[in-house]
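A, B and C label the chains in the order they appear, each numbered from 1.
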Amino acid sequence: MSSTTATAAPPALMTLAPDNWKLAILVGLAVSVIAAITFPASVSFWIVGAMAALVAAAFVVNAFRRKYYGGLLVAPAIAVLFVMNIFPLLWSLGLSFFAYQSNNQSIRFVGLNNYIKALTNDLAAEANWNALVNTAMFVVFTVAAQMVVGFLLALLFAKQFPLRKYLLILVLTPMMLSVVASGVFFTYYYDPTFGILSYIMGNITGEQFILMDNKLGAVAGIVFADAWMWSPFVMLLVLAGLVSVPKYLYEAAAIDRVSGWRQFWTITFPYIRGLLMLALLFRTIEAFKLADLVILLTKGGNDTMTISYHLIRIANEQNKTSEGAAISYLMLFMVIVLTNLYLYLANRRSHGA
Amino acid sequence: MTVMTKMKGFATAAGFAATLMVGGASIASAEDVVLTMAVPDWPPTRIMKKFFDEQYKPASGNKVTLDVDFIPWPDFYTRVNASLTSGEKKYNFIVSDSQWLGAFVEGGYFRKINDLLEADPAFMETFKSIHPNPLNAYSTYPHKSENYYGFPQFPDVLVNFARKDIICHDEEQKNFQAKYNKKLPCTGEELDAMTWDDFKNVGEFFQRKKGDMLAGAPAEDDFYGIAYQAGKGYDFSSMQINGFIWQMGGNTWDETQIPNGQAEGVVNSPEAVAALEKYLSLIQYMPPVAKTGTMDIFKSDELFREGKVAMNINWIGLGEASLDPNSSKVSDKLVFGQMPGTMGADGKMIRWSNIGGQPFVLTTWTTDAQIKEAVEFVKWWLSSEIQHQFAAGGGQSAVKSVYEDPKYVTYRPWNRAWAPQLDWQKDVWHVPQFFELLTQQQDQFDLAITGKQDAKTTLDNVAKFQQNLLTEAGLIQ
Amino acid sequence: MSSSASFMERLGFRKASGVGEAGWGRTLFVAVIAFIYFIPVLFIIFTAIKPQNLALSVPPTLSPTSFFGLIPDQYVFSPTLENFGSVFSRSMTTGGAPEDTGFDRYFFNSIFISSVSVGLALIIGTLAAFGFSRYPLKGNDTYLFIILTTRMLPAIVVIIPIILMFRTVGLSGSYIGIILLYTAFNLAFTIWMMKSFFDELSLDVEDAARIDGSSEVKVFFKICLPQVVAGLAATFVFGLILTWNEFLFALLLSGADTRTVPVAMNQAVSSGGRGTDWTLLAAIETLFLIPVFLVTFFLQNHLLRGVTFGTVKR
């Protein structure tokens, strides 16, 4: 597929060569872990940083020597991600094995205790579990709603018609709003005294209408706001797929008198499957992180606490940094399993098709 | 070019750019002293900055700049907490909620000021002229000890905001008298004399549907008699419930009794349960948003300003907006009184209430040169003249000579309730576990407010949690 | 049908390859749905031009005009532009003179930081996506997955190490720091998105060009890139929207001088010692919507054109 061919055999694991990235990773990891344990944070930071640079340098040299264009092309992205994302992630992974409160400078190694506490402690585990169940519920509802609404909207816009451009931008606008503003305005829409919803419902039924005073209403309110904001995201991805279907395929199908349903599955769906998957993937990841709307609309009341908001409370408000890190890694584990399941299914489908 | 040189170049460029972009804020020569301050963005802090820029002349002859970072209220704690705990060492002064003291003193962020007070008798004298209740709440850690940390920035108490066009209306007065055989409170003095039972009567009496007669005209919308904070966020129910508990003979966990003060048996005592039941029983008379658990201090204030309730218990700090015709439909119809109390067995009114407001504190990394100027600035800030100006501009003062001055009550209509309420202020939990105690209690209170569990279960849960947590932390033995 | 088509062309509509046509009937139908979908936004925009004292009126005021008597008077308000002025200058103390609110600076910061970081992410990310697509590394999928995991954790978990790192390197409160962070923040999505576009391209054309002696660089710029313009546009728009509204990193890592609008917006959520200033918040949001709205609008043709080269594989 590519024109690159290795010009030299890769060095053996223990050879001291500038392009031996495997050794660099090993050394880097070992030194970083030792440094993190023995030195204070301000010193170990630089050591870990230097190790990261070492690994990166080994990668670049390796790529040059062997004409790995792939490696060279992805190097800048990996470097930025490493410094700004992966390194802090590893840092907090490390912290999750310590007893550390960020407002209290002492730090103590406790092994897996934070994880054990998160999973088995009477109070903590129950709160985590409860938040997790709620999060799962929100993930299912919001993502399902976004996929359905986004897909239907995309179908609406799949054909060319007058003024399409101007109508499309109207539908795209909700996702451009800042969550703070839209969330705060949704509190207004749902407000039982001032809000529009209660005003309309009150006029119809003649009785006072309070949406958010029970779990069903509170969840519905949050899901509606979230789905409203992010369905356009799904729509745009699906639409990009829909418009890329060559017209002659449909014309051929029309000649063969293929039913609309079959036409969709055999012609349209293969073109949007990849993008649909991408939309599903990213929306699921984002839905797991749902916190801001919950904070604005219910503060976690009516049993709407999500794992992400729970985490903000623990890691930020209560400064239990390492405990928060442990919970978030448990959460990360679950998201990874879930997304891998998605990707596995998607790949199986594509090989089968 | 290797990656190492790239990284080095990057670091140099970054450092250079950072210096360019951050500016010389932290670079201070002998004559130039910069005091960096993190404050919530609202009038009391804007006024302080304005007075400083316009009036402050440092005695030392140095050029002193107050570099104020105005942070919007909703994110204030998050921003300050992250700045402190990450070791950013950015701010010299921080406006802090009184309950944050323990968490940040123990972490080594807030500077003890006893040495500064002892070195400067004039400073000590000014400091001691602050009413002991706010002083204890804002400045001492451990609570009520002799270790001092902060100075009042905006001291605050709960007062009763009322609509005189409604409560003083003849027809309403007559009907109320007929129904309860008691006069419907109308003047400030009559409001002061209210008990929670009277408050409940007002709530029950003024429940009107849209179109019912209200003060001689059909109500344009549903109308409610009373409101107070009953929200899940931050401390938006605890601050009200604590008052009920103290007034009715119950208690919260007493941090001055460490390590002997217990939580279990105290927090969930029968008196405390009765007090919480009383608090909960009034919620049915409030606007419907209370049932959703989101009636925080801002929502009840908004409902009051929009003319949906007759009486609202709220912080003075939110009062200015109700006086401003741009933001208030009731700006010309207001009367203020003390928060209702509970009649004691001896016939005297018990008025315990949870103190609000914020102190500001010095951080430990502030340099000696900065501290010298900071002390001068605080002395100036607490001076009678500036405190008077502050009060006249919408602030409050806890300095005795200022609030006892006859002029003081003329600044704002609620000031008549200020001095007498100060004597009845208490505070809770300056311990580092404050946030854990608070969030658990708020969650439990929310369950009670939204009708999911009764008062007894609620306080039992709270007591159990506090007992465990505080025992683990070594604060209960 | 033909007349509507020519009308469309006069309006400047281009036909995308795989797009069927529908007439004004579809327009009407979609217009109704799009309008309903847009109502919550429209309400915010109308709140921005409402007089402050009508923000919470019951019944709610819904429209600045009665549309020739269509809307009953009680729902109509008379519009004002005052709120937009208050965004930039208003009294911050009781009875004080209007002061500069700093929002001109915040708007500049938002525009500068978002556009630079999204642009950077697009450049770096597209290169990486091309690499992942055309020169798969050993364990390609693993790399891609690790990149994806950077988006999975709530920001709050990594924020403390990042603040610490920024302070150590001297980046806190600077533009460079927050721009680099946002670049990283956008990379995962950019790489995944662009890779899926590169994957869809037919390799025949590329291989033909290689046989003709085109260099890899030329293949990339002359053949591949033009085919994924739609993808670039879509990625840019998504990246911009996410970065534009990012809140937590901006709150914790920006200084007073580099603060962005989403953070400063909370001035209006808790405004001057009271709750939400609805009209002010709406005015800020409306102004804040304009740049990203315009960018999306002008990139829309690209967004919708799709892959027009007819080289779609399968």
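One rule holds for everything that comes next: contacts are C-beta pairs under 8 Å (C-beta built on N, C-alpha and C of every residue); 3 or more make two chains touch, one makes a residue touch a chain.
All values reported here derive from a predicted model rather than from experimental measurement.
**Student:** In terms of CA centroid distance, which chain is the most far removed from chain A?
**Tutor:** Following the centroid criterion, the farthest chain would be B.
**Student:** Report the pair of chains linked by the most C-beta pairs in contact.
**Tutor:** Ranked by C-beta contact count, first place goes to A-C.
**Student:** If you average the CA atoms of chain A and of chain C, how far apart do the two points sit, in angstrom?
**Tutor:** 17
**Student:** Where the centres are mean C-alpha positions, what is the separation of chain B from chain C, in Å?
**Tutor:** The answer is 38 Å.
**Student:** Could you tell me the distance, in whole angstrom, between the mean C-alpha positions of chain A and chain B?
**Tutor:** Computed from C-alpha means, the inter-chain centre distance equals 38 Å.
**Student:** Hunt down the residues of chain B that sit against at least two other chains at once, touch-wise.
**Tutor:** Counting only residues that touch two or more other chains, chain B contributes 78, 82, 85-86, 221, 306.
**Student:** Where in chain C do residues touch at least two different other chains?
**Tutor:** Residues 56, 58, 159-160, 164, 265-266, 269, 276.
**Student:** Could you list which residues of chain A touch at least two other chains?
**Tutor:** 102, 193-194, 316
**Student:** Chain B touches which residues of chain C in the complex?
**Tutor:** On the chain C side, the touching residues are 52-53, 56, 58, 92-96, 99, 159-160, 163-164, 167, 169-177, 251-252, 255-258, 263-267, 269-270, 272-277.
**Student:** Using the touch definition from the top, list the residues of chain C that touch chain A in their complex.
**Tutor:** Touching chain A from chain C are residues 4, 7-8, 11, 13, 15-24, 26-27, 29-31, 33-35, 37-38, 40-41, 43-44, 47, 56, 58-60, 124-125, 127-128, 130-132, 134-137, 140, 143, 145-154, 156-162, 164-165, 168, 180-181, 183-185, 187-189, 191-193, 196, 199-200, 203, 210, 216, 230-231, 234, 237-238, 241, 244-245, 247, 261-262, 265-266, 269, 276, 278, 281-282, 284-285, 288-289, 292-293, 296-297, 300-301, 303-307, 310, 312, 314.
**Student:** What does chain A use to touch chain B in their complex?
**Tutor:** On the chain A side, the touching residues are 53, 56-57, 60, 79, 102-105, 123, 187, 191-194, 208, 210, 212-213, 218, 297-302, 313, 316-319.
**Student:** How about chain B: which of its residues touch chain C in the complex?
**Tutor:** 11, 14-15, 17-19, 21-23, 41-44, 46-47, 50, 69-70, 72-75, 78-79, 82-83, 85-90, 220-221, 298-299, 301-302, 305-306, 317-318, 320-321, 324, 326-327, 329, 393-394
**Student:** Okay, in this complex, where on chain B does chain A touch?
**Tutor:** Result: residues 2-4, 7, 77-78, 81-82, 84-86, 103-104, 106-109, 221-222, 231-233, 287-289, 291-294, 303, 306, 308, 432, 435-436, 439, 443, 446, 450, 465, 468 of chain B touch chain A.
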